Amino acid sequence: MSSKYKLLKEECYEANMELNALGLVIYTFGNVSAVDRENAVFGIKPSGIPYETLKPEDIVIMDYDNNVVEGNMRPSSDTKTHSYLYKNWENIGGVAHTHAMYSVSWAQAQRDIPIFGTTHADHLTQDIPCAPPMADELIEGNYEHNTGIQILDCFKERSLDYNEVEMVLIGNHGPFAWGKNAAKAVYNTKVLETVAQMAYLTLQINPQATRLKDSLIKKHYERKHGKNAYYGQ
Amino acid sequence: MSSKYKLLKEECYEANMELNALGLVIYTFGNVSAVDRENAVFGIKPSGIPYETLKPEDIVIMDYDNNVVEGNMRPSSDTKTHSYLYKNWENIGGVAHTHAMYSVSWAQAQRDIPIFGTTHADHLTQDIPCAPPMADELIEGNYEHNTGIQILDCFKERSLDYNEVEMVLIGNHGPFAWGKNAAKAVYNTKVLETVAQMAYLTLQINPQATRLKDSLIKKHYERKHGKNAYYGQ
Amino acid sequence: MSSKYKLLKEECYEANMELNALGLVIYTFGNVSAVDRENAVFGIKPSGIPYETLKPEDIVIMDYDNNVVEGNMRPSSDTKTHSYLYKNWENIGGVAHTHAMYSVSWAQAQRDIPIFGTTHADHLTQDIPCAPPMADELIEGNYEHNTGIQILDCFKERSLDYNEVEMVLIGNHGPFAWGKNAAKAVYNTKVLETVAQMAYLTLQINPQATRLKDSLIKKHYERKHGKNAYYGQ
Amino acid sequence: MSSKYKLLKEECYEANMELNALGLVIYTFGNVSAVDRENAVFGIKPSGIPYETLKPEDIVIMDYDNNVVEGNMRPSSDTKTHSYLYKNWENIGGVAHTHAMYSVSWAQAQRDIPIFGTTHADHLTQDIPCAPPMADELIEGNYEHNTGIQILDCFKERSLDYNEVEMVLIGNHGPFAWGKNAAKAVYNTKVLETVAQMAYLTLQINPQATRLKDSLIKKHYERKHGKNAYYGQ
């Protein structure tokens, strides 16, 4: 099957399969999308299809206004959240949503994940925000679209930069993560899940545990992401 | 070995093996049955046979009054609970029972599992009920049959609909789950185990965590199961 | 290599490998022995040999007085505990010792594991005993032999029957389990580890959780082990 | 590719891969080095290279003053901590650093890991120390070098011997472990992670759990490491 979106579908497919391989989803409890900025479309997992049977050609190609551009299947029920993020955050290339265990548990607890250590600071300098549940009328309305609004509102209120904080918890629901491409969105989902488990255990061992001090946050973030970064090749 | 129940045995066998593959059982701590409504019989795992050596032809075919219709082995010791559910709940096609870790722990704690998030609401709108332990004379009597009665009494008292709430905890014992077929009963067992772990972690992170609000429960349940459902293909 | 203890070595080897396959040990943190009552000898894992390189012919054959009967290697450092149990408990055919996670954690907490549910009662009717640490002079003396005495003292004090209660925790140390043969000792080690995790989680969910009531203990134990047992084939 | 450090690179490579196989790292969250005392160099994992693609020839050879002796890649960002340890502790042959779950959680809790049982005492007689976070000016300065100083200061203050206590937690960061060679450093990392989880669970089961008594600490440590050790072959 020839398609001008073949590479996009493959990128999206690989990222979805990686989500599964990393133990971040059971059944169909997750979805990843990948964007093609030049053509202003994104590929996303079809709704309710098990990872075991998913194929690259099943990926649905959508525009930012939620029209199907190519594909025979219905896209993920969370598609409108993905499109809202692509439309508003021009630098992101991929989005992932899961119901991963520890991330969901913090979301259900309606708690931000405090920055307790360098594993967290290697990736971002802020607590991982937990957006509050939406007002009833927004839930009853265009729910998935409004979930996108909810994320942006949360970032605006807290003055967070989506280029640095590449993850969020939706209260009572679960995590969304993004990045420069779909693989990075999956990576951030795994990092969030790991940091969520570490923060949970930290508070079990010491309920008075304190946040990492500013000098260490800065050191670890900068050595990986700063102007003079010396991590990696 | 030819048998008019060949397909039923295979369905039942596959579901039992899936229980094992999903990490929901160790040794012989679980059993799944599958019903054939036309012939008013069900297939069930033989008692005490390890999953490693189980074969489709080992599945025992029973009628609803607990008579062996076909098979050389003794059926699961929990057979009478299965038959009681099939006899009284005409819409179900499969039943699964396990001693899965987190489900059993809530059962041993004698606590309902509160609906804390959308992972739960994607599947049912109610807390997952924990039926209280039986009166002594019922335990000493026809125990497994009475376990079936206990489940139905619990659903009656709380006005629950078995078509929507497809799972229950038996206090101090463990979970039973059911569904339109055996595979769905196993799926529900896995969902219950996942939701049980999430609820446990949620309360560890925030002992004052509150139940999901009604609008979100409704939204998530309806988008998967309502008249205008838009989840899946 | 021909040996009159070839079968015994193989039984012992298989049981040790199963311990590893079940995730009950890391590195060399465990050992299983198997007895040959007719010849009054037992085979045991050599000390400090990784499971990855263990071979059936490495198993050391010992008499009950801790003399090597056959074998070139030094037996497990816990050998004298095994021999003491074989010498005093004539019905047992295998013994297993590990540092499995949840069993050790209860031992380190110096707490008996309360009988909270039917998973426990399917195997024994009593709380799983945690023997207190030994007096200093016994530790400094013939330590592993005295660990055997400590186990028997614990059973005597509490009037426990080793034919029913096939497992014990040594305070601050870890679990020992036994059974009619080495495979059953390994099985009991896995059951203990599972029940230990369930009891831990139960108390986390409900710190006021109560022990299983007598009628349920009796029902579940008897249906598997009583005169009129109807579990298994 | 011929190199006088071929064997050193292979030892280092194998130890890094073992870290991954033991589940002690995700992505690139860890590094192991191995020293060649005769040539006063050590091999270390290159920075930011995934374990899936790491090859023996990628290992970077460094001298103790952090000059690259051989290799085209940038060494681990933690290299200066490794070199500081090699320079000051002449008996060690390998160093490992990870962000393993339970070790990091204790580090984030800024708590020493109490010696609760024999699993711990089989390896060391002391609580596992958690070094406090550094002063801000040290963090802003030569951070990784200063992490080495921080470890040595912690050992000096507490009069610990690095030949016996082969592991440490850096507050808010994570574990470092070492040993006579790289494989032993990885082994100690796994032992630390296991003991960290056991201690966490012990305190959850019994918040008043007490440290192991001296006679048992001595007995277990001596039988494995003392003059008259009788553990192993």
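Think of it as A, B, C and D in the order they're written, each chain with its own count starting at 1.
The rule we apply is simple: a residue touches a chain if its C-beta (ideal position, glycine included) is under 8 Å from a C-beta of that chain, and two chains touch if they have at least 3 such contacts.
Everything numeric here is computed off the predicted structure, so don't read it as measured data.
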Labels of chains that are neighbours to chain A and to chain B: none
Rigid-body rotation angle, chain C and chain B, from Cα fit (steps of 5°): 90
Equivalent interface positions on chain C and chain D, same or different at half: different
Rounded Å distance between chain A and chain D, as computed from the means of their C-alpha atoms: 33
Inter-centroid spacing, chain D versus chain B (mean Cα positions, whole Å): 46
Residues of chain A whose C-beta touches two or more other chains: 204
Overall pattern in which the protein chains touch one another (line/ring/star/complete/other): ring
Complex interface listing, chain C residues touching chain B: 116-119, 187, 190, 194, 197-199, 201-202, 204-206, 209-210, 212-213, 215-216, 219, 223, 230-233
Chain B contact footprint on chain A (complex, rising order): 26-27, 29, 46-49, 73-74, 77, 99, 101-102, 104-111, 133, 136, 139-140, 143, 172-174, 200, 203-204
